[in-house]
């Protein structure tokens, strides 16, 4: 049903849109003119594969999934019609390499951090979340309610996420965490009992425990901490790509004016927010 | 015997079902196979065009390292430095450095193709490895063979070509096959910079289905290619050895 | 007349071991000179120096008056004119007998492969090896390998031929055959330097015999003189001991 | 010359600044270095305990393949199959299969350690490669050497140990170094199943700073270890060759 | 008395090439038998069969009446009793001269390395190679290599010793030395099988001489008989041709 509601929203918005632009052709607005990779097209990159709940069924063209919907929302704000949105797939490395990029922007849960800003340009955040831990229901991690009870656990995390930082800075376990390329490996490690728990952003954690890792559950989510702030996801641009301003404008409109971001979030992520909060003591 | 034990015992292990589902899921196999075969085609292509380049380059480097004129000392030192650096730096880094770095300098399409520069990176690294194999072969040919060839008036190039190299290559067929087999698999690293070949496709499927079966399928595809090839080479090699050699000491 | 091959005060040592010591000798064109002397006296090393396979430490080797041992000389054109048969044969194990012989014929002399095959086949037949043409060296008997080595050098028709113990693995019958060949070659004007420990062979074949002692020429002269009335004391001693058995 | 051209021209390329910043950022280097050195220690440890095992296993396999008694045919076939499968299947898959699969069968900590099983996987694969190198060396020793040794009454094991192997190993030193150098780098693959070693640490830093410089630092650390080692081995090898050999044909 | 070595109808071929043809011969303990015959007549192959280095196709080889050529026999204890000196020397290039000799002394006979060194040093001195003990085979002259090969086999003090053209690279003086050694060995009861193309050597050293023709024994008898009044036509022919040169 999610797909329908998304397209309904779009139709409704188009009808009430007052900002003047050349939506007639759907090839961008004044802001984007001359700034996109291919004139009149918006090339958006996502992961390969793209994971739920961010993109449903690894098919962003369907507009299903949180990031897919956000991408189309932004495209529309910038005056691109659906058929002028082109999807490409990249790994993390291609997103940050110094050469010419093959996308206008890239969204696959990139956390906005100061360190990265030296080499890529981020959009305004389109989503903020916090960390959560997933463990097997019968594991040593189950039932833990505060961080101090978790120091003896063996943790795992995905490489390239802020979760790893979170483990070392906030949880500070007694043994070094293990790191995996993706949740397939993390899952296998859980099953092999090589780790007791893995740390993920909350929506991913909820999805993974519900769908991907049999017998696992989200043991808890962490409150936003001072050491590691909320995980803010932003779109990645080639360094100093001027298009970022158009996207930022689109995002702020979606956030503050049309509240579309909230509605997209409710559609795709509402099922993925509830979990007990773990005390940081 | 060990094999039999493994085959019999493993399925009795308490969590064998889980492992089986993770690595040997038949439905998953059926599903992944066509995509993987498709992706494998790219491996074959990269392999096909890098291999000849690697062999030529490696041979040149081995010859340079084997040059004997005192005047050519810088050449020898350069060749040694080349192999050291090519082998010493992880392939991954060459792929990043050349595959992202060179196009990053501002080359336009199609000259910034990751396929092109990824292959160049592979060629650079592997020529270092293969050169060392050639060098070992060349050095293992007894000095008296060169003496005989040179005394007949063959130039040092002709001596190399007709007398030393044929004997050298015969001696290093197994390590050469080693390098070909690992090249075939390191082709996969080109996928780090974009192009989707079989291992990347397997990785994608693995991540998508949280199941390692696609890797197993990929491995089977690799095996289906390498085993017949190595068996054939080995057979030809042994036959050649038998044909030219004297009596083998049986026991 | 300039000598064909000329050694002028040649010195050669391996580490501390001086093998050729101030060796001087002239060999005229068309002459056959045999080198005799104890094992380790430097016969092989001498021949290898003429062929530039060993670098001499001091002195000079001249071919037709031309200093071929000068540093930096390209040895290749010289080796085309100076052939050698090695004591240890040094056949190419990865090539058939025929190809061992024809390789340099085609690659160095530029013969067509048909011509090379013909020349090789003639020589193989002459040395009783016709049916071994397609066999590999490791499958030959010692005497057969030695004959192939001789044929390989002969086929190149060099101006100077260095023969190192070329009868060591041959039965007396084949030694006779080699003698015949050498006699024939003499007619054709080739210069032969022969290292041998078979006194009878040296006596029969040589124009001059050269007795090497500890890397220098102790005595050199006609075979009749060397074997019948040696002047040098060391030669006398060597021949005495040789005969006492 | 090519080198000089590269050194002079590359900095003039339009986007050199970007590439330089991405791969050769000095601050980034300084920042990553201590973490990488720390992580490298794990590589060293894995390398140190797998290498001896690999050599022993590889030697046994090479010897099995080289056995000559007709009765031992199954052993030879098994050894051939082992090398084929070990080499044919990508290392990554062995790491996943053994590293997750075996512990997944129900082993408890500490016997399910990914370090343990990752090392086992590396040992399995590399023993296949190294065995082939040994085999090439063994086969290149002339049959007459065996004949001489056996005729003196040495058993076939003694012949192998004192006569054939010493000559064989000398001949294959460069390909053996090849395999050691690539093992040193494939140790990094153990990180796929959890442990953080140098390349993984570089990957983490890369992701954190969106900058490839940590990889370059990792490569420099590798080079700092491999180059002195290869140079030393090479020097010893050449010296040994010179010491035992006759005259080398100079030109 | 059972013969020491006995060949009974031995056949051996390489592919289509029959090298030993129904060869039968008995050699008593302590006897010295020389094999002469054209190059390629099978001398080397015969010796290798006695040492079990070649597998025979048919027939039997017996040592002290024991069929050592039976399939599946462990050749090792037999080879400890039967030594061989190869025509091509086959020294171990990666070992010094001394180690070439002592390897089997320590590993097979179980001598202490001190005893082995002493034994090797004595023999090296006897053959004039004392100062080459620490040198590698590739750095020796042909004659020096051959002497090391002889010493290596002698040092093992086998019951039967197979000598394949062991004088081919030796100067006449050293041939005399080898003759002396063989005479001494005869006193010690060793059985010697010698392949040679040096008729004088064969005549001087042997109790019996065996003429091989195309892989079978054409004639066997005392040296005086074989060389002075050969019975077999092929022997006559061979010796005639040998002498005609």
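Letters A, B, C, D and E mark the chains as written, and numbering starts fresh at 1 in each.
The criterion applied here is as follows: contacts are C-beta pairs under 8 Å (C-beta built on N, C-alpha and C of every residue); 3 or more make two chains touch, one makes a residue touch a chain.
This is a predicted model, so every value here is computed, not measured.
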Checklist entry - Can you name the chains that touch chain A as well as chain B? => result D
Checklist entry - A-D or B-E: which has the larger count of contacting C-beta pairs? => result A-D
Checklist outcome for this item: Most remote chain w.r.t. Chain C, using mean C-alpha positions, is A
Checklist entry - Centre to centre, by mean C-alpha position, how many angstrom separate chain C and chain D? => result 49
Next on the checklist: Counting only Cα atoms for the centres, state how far chain A is from chain E in Å.
Outcome noted: 85
Checklist entry - For chain B and chain D, what's the span in angstrom between their mean Cα positions? => result 13
Checklist outcome for this item: dist(centroid_CA(chain C), centroid_CA(chain E)) in Å evaluates to 28
Item to check | Junction residues of chain D, two or more chains touched | outcome: 15, 18-19, 22-23, 96, 100, 104, 143-144, 147, 150, 212, 245-247, 249-251
Checklist entry - Of all the residues in chain A, which ones touch at least 2 other chains? => result 93, 97-99, 181, 188, 191
Item to check | Multi-chain contact sites of chain C, meaning residues that touch two or more partners | outcome: 48, 53, 75, 88, 138-139
Checklist entry - Considering every pair of chains, which are in touch? => result A-B, A-D, B-C, B-D, B-E, C-D, C-E, D-E
Checklist outcome for this item: Residue set of chain D touching chain C in the complex reads 143, 247, 249-251
Item to check | Residue numbers on chain E that touch chain D, as the complex places them | outcome: 48, 51, 53, 75-76, 79-80, 82-84, 86, 88, 90-94, 103-104, 107-108, 136, 138-139, 152-153, 156
Checklist outcome for this item: Within their complex, chain D touches chain A through residues 15, 18-19, 21-23, 96, 100, 103-104, 107-109, 112-114, 191-196, 200, 203-204, 206-212
Item to check | List of chain E residues in touch with chain C within their complex | outcome: 14, 36-40, 43-44, 87-88, 139, 141-144, 147, 164-165, 168-176, 179, 197, 199, 238, 241-242, 244-245
Item to check | Partner chain B, residues of chain A touching it in the complex | outcome: 48-49, 51, 58, 90-91, 93-94, 97-100, 181-184, 187-188, 191, 212-213
